[in-house]
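Okay, so chain A shows up in both of these, paired with chain B first and chain C after.
Let's turn to the complex of A and B:
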């Protein structure tokens, strides 16, 4: 494949080269965090982190470890850039994102460094597409200062139990209220919409509850508009961990298996809606 | 002016219906020319179409069991009608299961193409379905606008890649840009390119093959100047027009080709068993 070997000849010039036999292993997980146009890419020797933020109150991260890639070469400790995520997804799916088994798009993603575009070489069925996407100076991802030592409540649920609730969430409610407690109702999702209040309760001994560690009763409200995009990540995932810290900040961590069964993570951080006081 | 046709073969009816559906996806209105041997669906290059033109040719014998056409006069033995292909398509779809379908030029409250069929029912009595599709008769003085287009003096002629692949790529490119550059050479290579402030995307097709007539770029029979096989002829087109062409194709043609007149026009030719379709997309600056 002349074009791909040409890209290999330029390899000394790239600070980051990442290849996948199946581009869906990247595009699917990026879809789970595409609610804004721009994404911050932070590549380190451990792997790729893609961050999308909304109004400084919400942050979504997708982590794809170096091992997921068939080839992953990085020449610096941290390579960062910002790209238009919608454009990137259109490029990754340039051949139509076919779901015919056995047919996949191969990807080689290359970056030369500051000021250069992100170059994608995509190949399917002998046809090669080369994309050059302009990059911008990456913004610094917000540090929500969410640390395990400050976690007050944590549950791990099988995603299938939450999928139904999230698909039925009353979108006329401005907030999603999450109650976590060592006693009843244990784990409750509540909405307050035009049709009335709705509650989804998950008892601690439910089959769906893989882990239940709640130390104190906490009720927090989060803007529905901020959390709604997380439904995409939920749809892809098999398990989700829900944690709140003493400030009421929310961390949702999704375990996603890609087409080849490998594990990737998607994480959402969200600030509580100011109006409600914690108990 | 008289026109009467009957289709009895279900495969012919399906094909005919499919052709009309393809045309309906390409244009809202077009001209139907009926001659003794052929049917032509014509769209002529007008500002209203964005300069796109189309020529679709069907041999009536491939579809009709019975075909009678008496044109406007003996010298001008043809009928020219302005039709809305979607109306025809919808009518034909309702009579898919008929034993026989009759098409007739009639005069109801206005000129119509009447489609009539007997449909089977559970009882022994058949149900008769009639559709009167309004048409406009085109006067002879305007017929010159709907002549068969000449094969342009192209720079490169090349076989198209699989239409489905082209469509997938063009669909995505449309999200990124309003214009696309189509280029090809006599070495069987074709590229689709878009370029905007945000992104540039190039899709490379190889080993497509070039139709035999493409080797002689000079058409006037003069000394053929061999064209550098690597040299690309290109045209920048409105991506929606290319997308519209690709969207309409429901069946894989037996041959699909593209002629490019550098920076002037893209001429797409699809050859099916029973019909041929030509589509011209003008280049934009």
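Let's turn to the complex of A and C:
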């Protein structure tokens, strides 16, 4: 990789340098949160966080820890920028995304700072591509104020049981209702569609239920259109943790294993769908 | 259970003594053990003697050394019968026999275990039935009755009707609510197919995951509840709203059909496979000598662009073959494919009941716990070519067919002569199970081409001119026809196998036609 070693001389100019031997470790995770064009990148010494938001009601975060990168150098405490996620993914897959074993695309992501484009050096089989993507003013990601102390109900399920349920969900239903309760039905997903309603019940003693901690019976509805994108993250993950807090906000945390077996996290936060009955 | 024990002739007593083992060939006549006979015969220590092909079912039994060394077994005066008796006793104590018993016991236990989940395979069959019905119509009628649960569907043009009847034995539990006060026997409900089909869409995952399925009809709130109890304790409940509606049922007098065929589903599947899925209509032609299936092209299609496919089957390929009336019936293949794939997956034979063109054709499949029927309307085409006009016809065919030709063309000719007013009369024979006549529009008979006066026998005469014998027959027919035209005198009419409307009505009143 001659071109990449050359750029090491310019490293002093970059505030962020992150290298991966297999770009798929990044692109697969990013695919799980691609439901909007723009993503906010926040890099801290612990790792890279990519945030995508929709209509102020839904937020998806992907965390890639610094340990996952072969090289991770950051000069500041927080480096933030916003890029077009679709373009970024196209660049990461610029070599076609073939799954031939042994052949992977190497990535070196460099950012000089505010006002500079995000530079990607991609190499596969001796061929090097340099991509420069313009960055935008980063928006402040919404803080849903979802803290662990406020969590009323928490459930950890193995993803394979939820995958089937999510793929069968009645799409004519506008909402997905999630009921979590210390008593029957312990964990229930319900839809209300044109033909009727459907309920998916997961008992607390099921093999698929790794953790069940429900303190209060809560039933909340979330817009189906907001939760539909989370199916992509669910498909990649092996475990998912479902938490609701006292306000009814939903947090879905997916544990994703990448190609090398390393763990990354994808998180979805969603506001409950509140029917305005008053006034 | 008969068991014969024979000594293998070559086996010398000296050999027995020197080897220190006894070998007895046993031939078990028990058919139940047939499956186990196929176990590998070379089991460890036993040496086999002369396994000739005729002795394939013989098994050797190892007699312990201690027993063989006993003097009474070696006595030369030991008669064959006694030897047999002793050896049968020895067989009981042989280790191989013990092993076989244990193996059989294990298989029985396994079988019982598998049997208990036979309902999962039934669930898959139920799902396949829903798939088959979805290919017919957009709505599913669910009709729980004492004799079983009936699933029915009809297409929008009312030219195809399908019914799957599952007997109570098909289900693990079948509970019917007793008749309610307002007289209705049970609830008749109609569901949208697009609500039911997604539940049974992925049959493989149902087979893997679902342990039990419960269907409740008419629970409060006018809902059908379908509950899947899956692995890992997961329960999926679907409450579907239904509309109460009139029963859908077509009564088809299959016992009155002149032509009956029965063949394994595989045969039909193989034949139908050759037609592209875009091919809507096919023509099934039947004569006592062959059955043919070809695609149907109406004149509108560009003949240059259409691919013609034609298949011919010999009567021997059918399990049951009875062609009373030579016929060419044209029907839509699309609605039939669902039933054929259902039958193929269950390895059930398919029966075909049909008559002349214009009469509906019925395809039915049945086994001990279910019955499936598809009734399709056929094109009514008086100008259709008589099967005798096929190019492959030989002279012998013509003479053979002419022998019964006196009967057949007259029948179809009568159908031609039938006035348009007769056609609505046919619809009355379709009655619903509740006795109230259901309005089945004439479309079920699909009289597309309706020209009076064109008589099939004329065409028949013009083609069958190869031999003098056939020309005589033709004039006979012609005469019979003219008789018909002069005076609709039923007594002068020779016996016909293909009835037209009026007579059929009479038949309906007289006999108890089987309902589907």
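Quick note on the criterion: the second predicted complex is superposed on the first by the 273 of 279 C-alpha atoms of A that agree within 3 Å, B and C clash if a C-alpha of one lies under 4 Å from a C-alpha of the other, contacts with A are read in each partner's own complex, and residues count from 1 in each chain.
Just so we're on the same page, a residue touches a chain if its C-beta (ideal position, glycine included) is under 8 Å from a C-beta of that chain, and two chains touch if they have at least 3 such contacts.
Predicted model only: the values in this text are computed from it and were never measured.
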Original post:
After lining up the shared chain so the two structures overlap, which partner does A:142 touch, if you call chain B first and chain C second: first, second, both or neither?
Top reply: neither
Original post:
After superposition on the shared chain, which partner residues are touched by A:128: those of chain B (first), chain C (second), both, or neither?
Top reply: first
**OP:** May I ask you to decide whether A:197 touches chain B, chain C, both, or neither, giving the answer as first, second, both or neither?
**Re:** second
Subject >> Contacts of A:161 with chain B and chain C, given as first, second, both or neither >> reply: second
**OP:** Kindly classify A:208 by the partners it touches after superposition: chain B alone (first), chain C alone (second), both, or neither?
**Re:** second
Original post:
Now for A:84: first (chain B), second (chain C), both, or neither, which partner does it touch?
Top reply: first
Original post:
Which chain A residues qualify as touching chain C in the complex?
Top reply: 161, 164-165, 168, 170, 194-203, 205-208
Subject >> Residues of chain B that touch chain A when the two form their complex >> reply: 161, 165, 167-169, 171-173, 175-176, 197-207
Original post:
Can you list the chain C residues touching chain A in their complex?
Top reply: 191-192, 194-195, 198, 205, 209, 223, 231-241
**OP:** Please give the residue numbers of chain A that touch chain B in the complex, ascending.
**Re:** 3, 84, 86-87, 90-91, 93-96, 98, 117, 125-134
